[in-house]
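Both of the next two complexes hold subunit A, though its partner changes from subunit B to subunit C.
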Partner chain A sequence: MNALMEVKKKTVRILVVDDEEIIREMLFDTLSQAGYTVKTAKDGSDAIAQIGNESFDIVITDIKMPDIGGMELLIRVLRTNPNVCVLLMTAYGTIKSAINAIKLGAHDYICKPFELSEMKNIVEKAANQKGLL
Partner chain B sequence: MFKYTEGLIRDDACNNLGLLAKNTEEEVCRFMTSCVADIKILAESAVMRNTDMHVDKKLLEMKKIQDYYKRFEDITMIDMKGRVITSTTYNYRGEWRSKKWFLEAVKGNVFVSDAHVILDPYKVVLVIAVPLIDENGKIHAVLVGQLNMERLWEIVDSITIGNTGFVTIMNELQYYVAHPNKEMLFRQAPFDPEKKSGVIDSSDSDSEMLFYSTEKYTSTVEYESPKWQIVVVQEKRDALSNLSKLKYNVIYVLISGLFLVLLISIFLSRSIVKPIQTLIHGMSRVSDGDLSYKTSVKSRDEIGLLGAAFNDMLMRLNKAHQELQSKTVELHDAFNKISLLNITLEKRVEERTKELREKQHQLVQAGKLAAIGQLGAGVAHELNNPIAGILGYTQFMLDIVSKENLKIDEVYTFKKYLQHIENGSRRCKEIVQNLLQFARKSPEEVVSVNVNNVVEDTLSLIERQLLVNKIEVIKNLAPDIKQVEGNHGQLQQVFTNIIINAQQAMPEGGQLFISSRNENGNVAIEFKDTGCGIPEEYTDRIFEPFFTTKMDWKGTGLGLSICYDIIKNHSGNIVVDSQLGKGAVFTIILPVKSNKNERINGSKKEDGADTGS
Partner chain C sequence: MMDTLMEVVERVRILVVDDEEIVRDLLYDTLSKTGYKVKTATNGQDAIAQIENEPFEIVITDLKMPGMGGIELLQRVQKINSDICVLIITAYSTVESAVSAMKLGAYDYICKPFELEEMKVIIEKAVERQRLLHESRMVKHYKHLSITDGLTKVYNHRYFHEFLDRELQRARRNSSTFTLLFADVDNFKQYNDVNGHLAGDEVLRELATIFLDTTRKTDFVARYGGEEFAVLLPDTVMGGSLRVALHIMQAIRTKKWLYADALPCKTITMSTGVVSYPKDALLKEELISKADEAMYHAKKTGKNKICYFDMNKIVDYKEEGTGSINVDKE
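Up next is the complex of A and B:
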């Protein structure tokens, strides 16, 4: 069961997008540890470039970023691949925009700072709902 | 005038005398004519004419006439040879033939002789001789009547003029034949009219002569037969008594006139001069400042009106004066009150200024807090990331540590995680410290400040916020920028405010150029954005308190006004240059700190400001 799960998780490809290195690193470490295939992008344009090269099942992105923000990224990603599950990270002050984002098609959102378990739960839930696990 | 009047009166008196003389002459004439007529009628009577008639009969007729009239002393009939035929009384046998009256009568003329005196008995008589003519028209005798002068005298005496006037009759020889004073009879008159000088001819009568004596007026009428002069005499004083009466009248009139004039002048002086004097007195009193004075001028004329007007004026003046006085008093009181108020006002102003200064400090502080609030989102976001990292790594490590079969290799990976945690914590510390520094910095503290450091400190709090709002910050800070004297926190507040405004002016992102430079002993810091700009009409008002264009209540309208106050307190200046749609340039000019102060304060305090960078 665990082994199967691990194999399944390995097939779930996640892209973490954040301009903050520490967040990127931490999510990369955490989600990799959890068994997912994780890649990181340091900003929106980097993310778009990577999405163009390979397909991702889940995109976790910060809303506030220089260059292309989380919202724009969400719209662009859904335009090219509506099946991609987009999770948004937001600070407490921008929770309104997170709700807007869900209306636009985001799968879920998580408030910074968050518990790691919380993040892992959301990702797992999303993967389940997409039928990836 | 008096002379003229005297002349008139004298003429009148003389005329009166002349008239009287004429009247007297007429009287005399009437009397004489009547007497002559008596004798003539007798002579023409049939008895007397009839030569054949007996003498006794004729005498009887003669006596009848004499008795009837009782004015003839004697009537005598004389024949042509001068012998007395018969006589009623005296029967004189004188020599008549040589007498003038006889000669005239014989010639057929009636003759009236001058008055003369007969003796035994003494009588004054005159003779009327009339020829006796017979039936044949031949004079056969002469009838002679001796007329008693007393009858004439009675006429003359009966005439009186005034007190002294009288009538005399003079004969040709200037003897009185009639005079009120019987002793004067047949005496020579004392003046000769023809020889008198100063005779005034009366123009209306040639027979009248007016002459002037020092004492008397006389008027003379010539009588024809006998040749008499009827003289009316009156003393001048008497004649002119009317004049003197007139004179007295005139004097009386004059005196009463003078008295009247005196009265009138007194009245006038009372009614005009006195009131005027009173008015003058009143005016001098008033000019001396006695406004309570009231003139007693009460007449009904113009002076009274003037007095009333003066009183009225005085009353008004008095009223005005009183009003003025009361106003002055009021004014004085008001002035006192005002000066009192002034003192309290000064105190209050002082207090207020103090309060205001405090308020301003509070306001600056409030503005600062507002800026912090506006920074808040950015700061929170900035804090969130390292905290999220720290939290995440901590949990990650805990997960690893809590595994039952912990491998030693895994623990070695901890170093990397702990490094992340340390970095994250340090970032949090910096952010919090910076924020606290900004919030805490005393508004009073004045130190030597490097504006470049202030710019960096400001940006450290806001940079990320600008980044996420897609605003590119391009810095061009002069490395040799001079120190200014000021308060780090306050300047940071100003910069924060301007930067946040710039960010709000560029909702779609843009560029923010921040530069500093030394300029003519000043330091200039310029913030230039590519935002929506400020309408030109607002650029003058943008530093006014409560002026805001942010209608959605994003702004209090105080930010820039507080900035303005802060920069002014730094003896600096803040200007804005902007056009709608072309961005805005805020330039802050601050005076360079003088060397003297720099030496005293040194760079020791600068360290505190540096910690934010």
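Up next is the complex of A and C:
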């Protein structure tokens, strides 16, 4: 990775939202090592509180979570800032929910389990498309 | 502009693309009975040929077809006309293909076998979307027509008055100041008589461009009448406006004009009047008539200059140290 790319990646702020600690940590480690600035939230309410305090470029969220789920989080994130890139992940992927997610403005919909390298690629592509890199 | 639903339905053209005859026929019958104008295509190439030949609002396509598939068709349709709603239907659906079709801009993704009623509802929604899209474009278009001057593309007389009303209210509320500038082309009749009206129109168009280029984005430029332009400069005091006016006049005088040799200065010039709110007038009518008065004073006293009100008296604007600005007048 060249120095310029390193600096650029550092400026990309990512929020990882999942109620499963192991997923949060895995994504945190992978994306931090890839050079991004990463924070985590343990559920939807936590995510909304953090988003109210600071701005993120990319939000990666699980769909099924207690109280506020990923779909609602998607809607609320885009309502406050339509430029945020929201990636949804789920272990219960259905075509209906996938179509619905993209119609609501999700950038991508990823089925669990996924390879960490795959997630890294998806994030890099998304950051590129959003003009962040 | 509001059409009844039936009128809208009758105008909607749908293209059904599927290599399976039974699906084509089924959709053709159902949608034709609902009132849509439906055509069918047996494959992607056939569909593209038809779309290039006649307009469609909605394309319903199968995903898996020999030759060009639904995704490629979607991408080609979007290149031809991105307004067309493309619905993908498929028997081989996966989450990945649904996500990729939607990300590429498909309007919807429907799994076979589907209920005909469900399909009808989806089409109705697509039709509604098309109608809203069309309507908002028309509203924008008419709004644009109603506020711009056809020849010069700057704002027109009617919208100038509306804008002036608004600016006046704003200035009263915020106790702010603004200035109004009226500028009329000198000897324009003579120019038209010698060169014809088409050449005259071209001068007006180019003047409008100069006005836009030499003023700020927040200033408001309108064609007030025949060869008269008006500029409203929000939050600007007289000194600043006079400098802007001078800048405009210099740009006009120094431009290489075609056929301007017949004119006394061998170039296009304007006579300009400037007034400021609230110093010179408080009411709209008074502002306009004073700006007019200053402009006519410039005309009467030699043209090619800027006049403004100073303590209720009309005076010429002189460039610092160089005397009157009309020094280069012959």
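In this text, the second predicted complex is superposed on the first by the 128 of 133 C-alpha atoms of A that agree within 3 Å, B and C clash if a C-alpha of one lies under 4 Å from a C-alpha of the other, contacts with A are read in each partner's own complex, and residues count from 1 in each chain.
We adopt the following convention: a contact is a pair of C-beta atoms (placed from the backbone, for glycine too) under 8 Å apart; a residue touches a chain by one contact, two chains touch by 3 or more.
This structure is a prediction, so every number in the text was calculated from the model and none was measured.
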item: First (subunit B), second (subunit C), both or neither touched by A:Gly35; value: neither
item: Contacts of A:Ile95 with subunit B and subunit C, given as first, second, both or neither; value: second
item: First (subunit B), second (subunit C), both or neither touched by A:Glu20; value: first
item: If touched residues of subunit A are counted for subunit B and for subunit C, the larger one; value: B
item: First (subunit B), second (subunit C), both or neither touched by A:Ser117; value: first
item: Which of subunit B and subunit C A:Tyr109 touches, first, second, both or neither; value: second
item: Residues of subunit A contacting subunit B in one complex and subunit C in the other; value: 93-94
item: In the complex, subunit A residues that touch subunit C; value: 93-95, 98-99, 102-103, 108-109, 111
item: Parts of subunit B lying in touch with subunit A, wherever the complex brings them together; value: 376-377, 380-381, 384-393, 395-396, 399, 417, 420, 423-424, 467-468, 470
item: Subunit C - residues contacting subunit A, complex; value: 93-96, 98-99, 102-103, 108-109, 111
item: Subunit B-touching residues of subunit A, taken from the complex the two chains share; value: 18-20, 22-23, 25-27, 29-30, 33, 64-67, 69, 91-94, 112-117, 119
